[in-house]
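Notes follow once the structure below has been shown.
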Amino acid sequence: MNGWYPIFLREMLLFKRKLFKLGYLFSAMVVPVIYLITFGLGVGRSMPIEGTDYITFLIPGLVAMSSMTNSYTWVASALNLNRLYFKTFQVLVQAPINPFAIMIGEVLAGMTKGLFASILIITVGLLVAPQFHLSWLPALTLILNCFLFACLGVIVGMITKSHEDTSTYNNFLIMPMSFFSGTFFPVSRMPEFLQKLIAIFPLTHTNILIRKSAMDSQGLLALAVLIAYAIVFFFFGSRLIRKYSE
Amino acid sequence: MISVTDLTRKFGAKAALSGVSFSVGAKEIYAYLGPNGAGKTTTIRILTSLTRRDGGMVRLNSFDIEKNPLEAKSQFGLVPQQTNLDSDLSVEENLLIHGLLHHMDRKTIRRKIEELLDYMELSDRRQSLIKTLSGGLKRRLLISRALLHSPRILFMDEPTVGLDPAIRRSIWGFIKKIRNDGATIFLTTHYIEEAEFLADHVAFLDAGKIVAEDSPANLVSGIGQWAVDYLDDNRLQTAFFNSREKAGSYVLNRANGCTVRRVNLEDAFIAMTGRKIS
Amino acid sequence: MISASGLIKRYGPADNRCTVVDGVSFHLAPGTVFGLLGPNGAGKSTIIRMLTTLSRPDAGQCLIDGIDVAAQPMEIKKRIGVVPQENNLDRELSARENLMIYGMLHRVVHLPERISAALEVVSLWEKRDTVVSHFSGGMQRRLLIARALLTEPTVLFLDEPTIGLDPQIRRQLWDVIRKSRRAGRTVMLTTHYIEEAEALCDMIGIVVAGRMIALDSPENLRKIIGEYVIDFPDEYGNQIQIICRTREEAHEKARALPNGVTIRRSNLEDVFINLTGEKIE
Amino acid sequence: MTRGWTAVYLREILILKRRLAKLLPTWSVSPLLYLIAFGYAVGRHVEVGSHSYLEFLLPGLTAMASMTQAYAVASEINIARFYWHIFDEFQTAPISNLAYVMGEVLAGMTRAFLASLVILVLGACFGVVLFYGPMFWIALLLNSFVFASLAVGCAMHVKSHADQTLLTNFIITPMAFLGGTFFPLSHLPDWGQMLLGLLPLTHASHAVRAAAFQEPVQSIDFLVLIGAGGLCFLFAILSVNRAKA
């Protein structure tokens, strides 16, 4: 299993080059900050939710959302491009290492990118919303969320047949999840029948857990769902890598 | 007719072309031969108004590409190195757009498309989308497109790169056919045998300069008639001789692994660019 | 040592399957340079992909150094070096970083020294910290070869190693391949440059539409089609070849033709065109 | 001077026609999400002036779609330029810069028009039908003209497709959200309103919304759009020569 390190290192070397281009820092920041201004200051200015002001409600949701998109998108599109365009995935497959090692290396790299982007949003949050604070439960949720969506990224990266496919998954899976899973407003505001559907999304449970300050029964259920998703995604992703054939 | 005087181009501090001059007469096939990075593509891109030049003059059928850009552009057709067809459009649609860009009326375009697809043996593919065509077919379509507006000059950038021998030969056949029908052809290549087989005149380009220019036969006879290949220190070396007898006696003095053969354009190229294999 | 028996590979959906490799078998002794020739799309790259664990054959077996590729892929991966047709280096990493990641993946010992040595061999030491996307095509190809040789594999696979390169660099790469053979390596390459196969290979396989239609030494292949060739141009300027068994036969036939006729020994290109047919798709 | 623009336009339209089946769903996804999430869930209890939030949102989304789709020609041009090398075909053709820019800008406007229609249909599904008179369409067309011209100009300056994405992230995405589409500018502090007043989209969504509500349209909005459109078009024409290597 110790072949994961070079895979992780490779992704980090690539990430380092992107990071210094500065464009990355902005693109990881621009969208969440725009959402923060538009919805936090513009639309929901005078709209209290669940006993706090809207912006304090919004920030944990934005953190969950950007940890999801960043851990997921990078892994999915990098694997897709490496497999289909740059062919660098061949190099990993032809190396004498266990397929699990590839999975672990890619997932850890995805998590790092997700956590990095989350920390940027948390910093912004601490600046603009004085009531917003951090504790151990949201931190744990965040890590679990990054792991889960990095695994999902591997799955999508392995099954897509072209780069356009990736954006289809993005449009029909990630985008609706970002909007409906309790990022911008509590799920209870959606119509009844949709609420059941929304309860299937993993991000819904992240949003429940990340807003809790202490564990309760609802929190435990959410945690159990997230762990179940994480395990399933991890093993399914590993299987796809093991079965890889051109 | 193409006339080029003292063409220069720099990319940053590096000179891609330094003072290239040549002229190509009507109905001639002129091959521009050189290693990757010698400036072949830069030259053809300047001649076809795709790239700026830093100095020098280019005239296509007496139109200066700077003073009369639109007229100069009407004189030529270009077959680019990389396929630049619209992959979502059909063969016919690609040609139609090209015709309209060259101000032809739709009736003439339709007639020319028919004629050219027939000429290039593509008639049965006129409705196919480009993404369904193979590399060889795309190359033939690129040639058809370049000929659509009946240009008198045809530029071809590496017309057979990446194609297998059988397809390459068929493209060569088409090139000769086009010349016989009255066009001037300027092509770049790094396949020596392509230049040897096709060209009336060959220019050797090395590091942005033309180092030799002549007919293939003259270039070859300049260095000798016979060549001996031998392995020296595990490197392939070649010696040249004016008669077979001299070559033969040279072989007798060497140990194993010698081949005697006729001198070809590749020998001339290596001899003149002076580039040893390091 | 490489041996393949009855390799079959199909692609596409169940109702429209297309057989890309159709029962290919061969056996190579250690230290052989084997050239796989064939038109574009004949299945050459697919054969290489199956031998290098990238692609699973639908039927048949490959052995490398006596080890079954499908059963023990990990053992195979330790023994082979692969130079793919398309550059699969990380374009945004430097030459040294590319080799470093590869070396770590393959657990190469004394990695820094080995990387320096490999970069020296392909004359890229000066460029070690340059990002690969700034490399020319020839430099990228050299780096791919350095990478494949970094683990000192017993078997080297090269898929179209010199496509699109100019004559000087091509010959430089030939030298590297010859050195590999002298080091006792088995080398398998695909190419559609006939002169490359002629210059390098001890054994030639010609693949057409997924089948191996000829497999022998270049010398024997020439004997099979005929050792003499008459070249002459037809009225369109196309070069036409007639292949003859003996010199006498060639002279006999040449006499009946217009001028501009050359008689020469046959070469691999004649073999190729003769066996694959001068078909245009 | 404009000879040949039809060829440029026709090419884009043929491609658009072939891709329309794929494009329509992508055009509808994000507006649909906004309509559900903000129009339905968040905005149910919110009123802006005398209109419901959904009614407020729809003209804004239409202006936003017309902007993003007009600007999308930039990435089409860049893919054609950097990946398929089709731009060479235009540069070797005997056509003027004006003809090329005209063809591309009109193609962008056509695309923007279709995308706006999609939003109006979606709005109708949510039961929101406003007044779509001539003023409404004129404002939308001017808006798409501004951004299609800007797109052609920008496309000539960028060095790679990645740069283009960066530019979109920095200019178009913030403008899409902040240019009066989701909330009235009066919700922001004075300096914020001043700043956003500089964006052409702010004026477009203002004019489009006024027309849709059958309120008088302010001439300053039209003047700004016409001025910006003229400048961008000129910028595009002057930029075409720069695309030469």
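To keep things simple, chains are lettered A, B, C and D as they appear, and every chain counts its residues starting from 1.
The rule we apply is simple: contacts are C-beta pairs under 8 Å (C-beta built on N, C-alpha and C of every residue); 3 or more make two chains touch, one makes a residue touch a chain.
This structure is a prediction, so every number in the text was calculated from the model and none was measured.
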When you check each chain against chain B and chain D, which touch both of them?
-> none
Fewest touching-chain hops separating chain A from chain B | 2
Report back the single chain whose CA centre is most distant from the CA centre of chain B.
-> A
Separation of the C-alpha centres, chain B versus chain C, in whole Å, is 26
Taking each chain's centre as the mean of its CA atoms, how far is chain A from chain C in angstrom?
-> 44
Could you put a whole-Å number on the gap between the CA centroids of chain A and chain D?
-> 30
With chain centres defined as C-alpha means, what is the inter-centre distance between chain C and chain D in Å?
-> 52
Every pair of chains that touch: which are they?
-> A-C, A-D, B-C, B-D
Which part of chain C faces chain B closely enough to touch in the complex?
-> 38-41, 123, 136-138, 163-169, 171-172, 174-175, 178-179, 182, 192, 194, 199, 236-239, 269, 272-273, 276-281
Can you check the complex and tell me which residues of chain D touch chain A?
-> 25-26, 29-30, 33-34, 36-38, 41-46, 166, 169-170, 173-174, 177-178, 182-183, 187-188
Please give the residue numbers of chain D that touch chain B in the complex, ascending.
-> 3-4, 6-8, 10-11, 14-15, 18-19, 84-86, 88-96, 244-245
Which bits of chain B are touching chain D when the two form their complex?
-> 45, 48-52, 69-71, 73-74, 76, 78, 80, 82-89, 93, 96-103
Any idea which chain B residues touch chain C in the complex?
-> 34-37, 121, 134-137, 161-167, 169-170, 172-173, 176-177, 180, 190, 192, 197, 234-236, 266, 269-270, 275, 277-278
